[in-house]
Amino acid sequence: MLMISEVVVPHLTIHYSTNVDAQMDMQALCSALGRVLAESGIFPLGGIRVRAVACNAYAVADEQPQNAFADMVLRIAAGRSAEDRHATGVALMRCAEQHFASLLAEPFFALSLEIVEITAAFSWKTNSIHARLAAANAS
Amino acid sequence: MLMISEVVVPHLTIHYSTNVDAQMDMQALCSALGRVLAESGIFPLGGIRVRAVACNAYAVADEQPQNAFADMVLRIAAGRSAEDRHATGVALMRCAEQHFASLLAEPFFALSLEIVEITAAFSWKTNSIHARLAAANAS
Amino acid sequence: MLMISEVVVPHLTIHYSTNVDAQMDMQALCSALGRVLAESGIFPLGGIRVRAVACNAYAVADEQPQNAFADMVLRIAAGRSAEDRHATGVALMRCAEQHFASLLAEPFFALSLEIVEITAAFSWKTNSIHARLAAANAS
């Protein structure tokens, strides 16, 4: 059974320079950030999609070879309060800063996050996960 | 000969979890979605750019290993009617749902689409394809 | 020492079809575009992050095998003047057109740029590069 809705939530995309891979487990970071979103209580578990995109060509600041970046963009449905959006941003950054602590301890790393809203009238989803999670919760 | 305009249209970007590759031909999906855009009649053929980005690290919903996603964002020049945008969204979703039918039949897949508008005043293009297509149409 | 601010600037992301790689050095392009941003004088050097994402599945225009694209999106903090944004866009396009000259000379290439603004109230950064550059400038 599919659940179809016009509200799409939430997408977190991380672009990062490939030199980060030597020091970071990006899969572990995706999982941790997904848990932050789940624990916020304002997003349905079945809608959480965190993903990382490795960028193998890049130019960061003064182009020292150690320079690296991770840039996160969270897309959520419009309508959440400014307080909820702010709290979500702070929680995601705290989680990411912990994972990137060793990189942030050196003067070569730029971490960032932006939250943007999705206009529900021009978004669509077909999601086969929600029904499974609803059934599991009901059993 | 180059045709230069400040209106950029249309870009369709698909982010997807790499576990989709075992079951889906993403190139065939890109081609099919490109045809949907061409057949809509509201976009110039020479401006259509569909592309897929594989994400090898991701966290979807409750992180079952089968969980997968495909997330589409269509960027079009501002100025199309709400009706045209809505019809385009519905047609793209119908096409994608057909290609992802086997994944949507299992309770582990999230498919989504968002349409966003590009402000013409702050976009640029240099496109060498339009003139070739115009010449082919004229001959 | 970390410098923390709620203003994130500037991110330039290039999506491109992988058939471009045979003719273009995307790393050189990233470096050149980063220099254009630095030389504009309106962005702090420590905040510049240019990156390229290769798309191995794509459908461009009439799907001739030579068809290719490079699509750039520049995200900057809201608040720059329209004149500054326009001048930045023109300078980036001029640089990219020079690098892609051989592709633009054939009728199969689409190059584009869009500038979008980031709302400072919903963006965050933790950047360990700024302090190093400030110290270098002060010494």
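Letters A, B and C mark the chains as written, and numbering starts fresh at 1 in each.
The working rule: contacts are C-beta pairs under 8 Å (C-beta built on N, C-alpha and C of every residue); 3 or more make two chains touch, one makes a residue touch a chain.
This one's a predicted model, so the numbers in the text were calculated from it and none came from an experiment.
Taken over every residue number at the interface, the positions common to chain A and chain B amount to under half, indicating a different-residue contact. A turn of 120° superposes the CA atoms of chain B on those of chain C, with the angle given to the nearest 5.
In terms of their C-alpha centroids, the spacing between chain A and chain B amounts to 21 Å.
Across the assembly, chain C contributes 53 as residues in contact with two or more other chains. On the side of chain C, the complex with chain B involves touching residues 15, 17, 53, 55-63, 67, 69, 71, 82, 85-86, 89-90, 93, 97, 103-116. The touching residues of chain B, when paired with chain C in their complex, are 2, 8, 11, 13, 26-27, 29-31, 33-34, 45-54, 75, 118-119, 121-129, 131-133.
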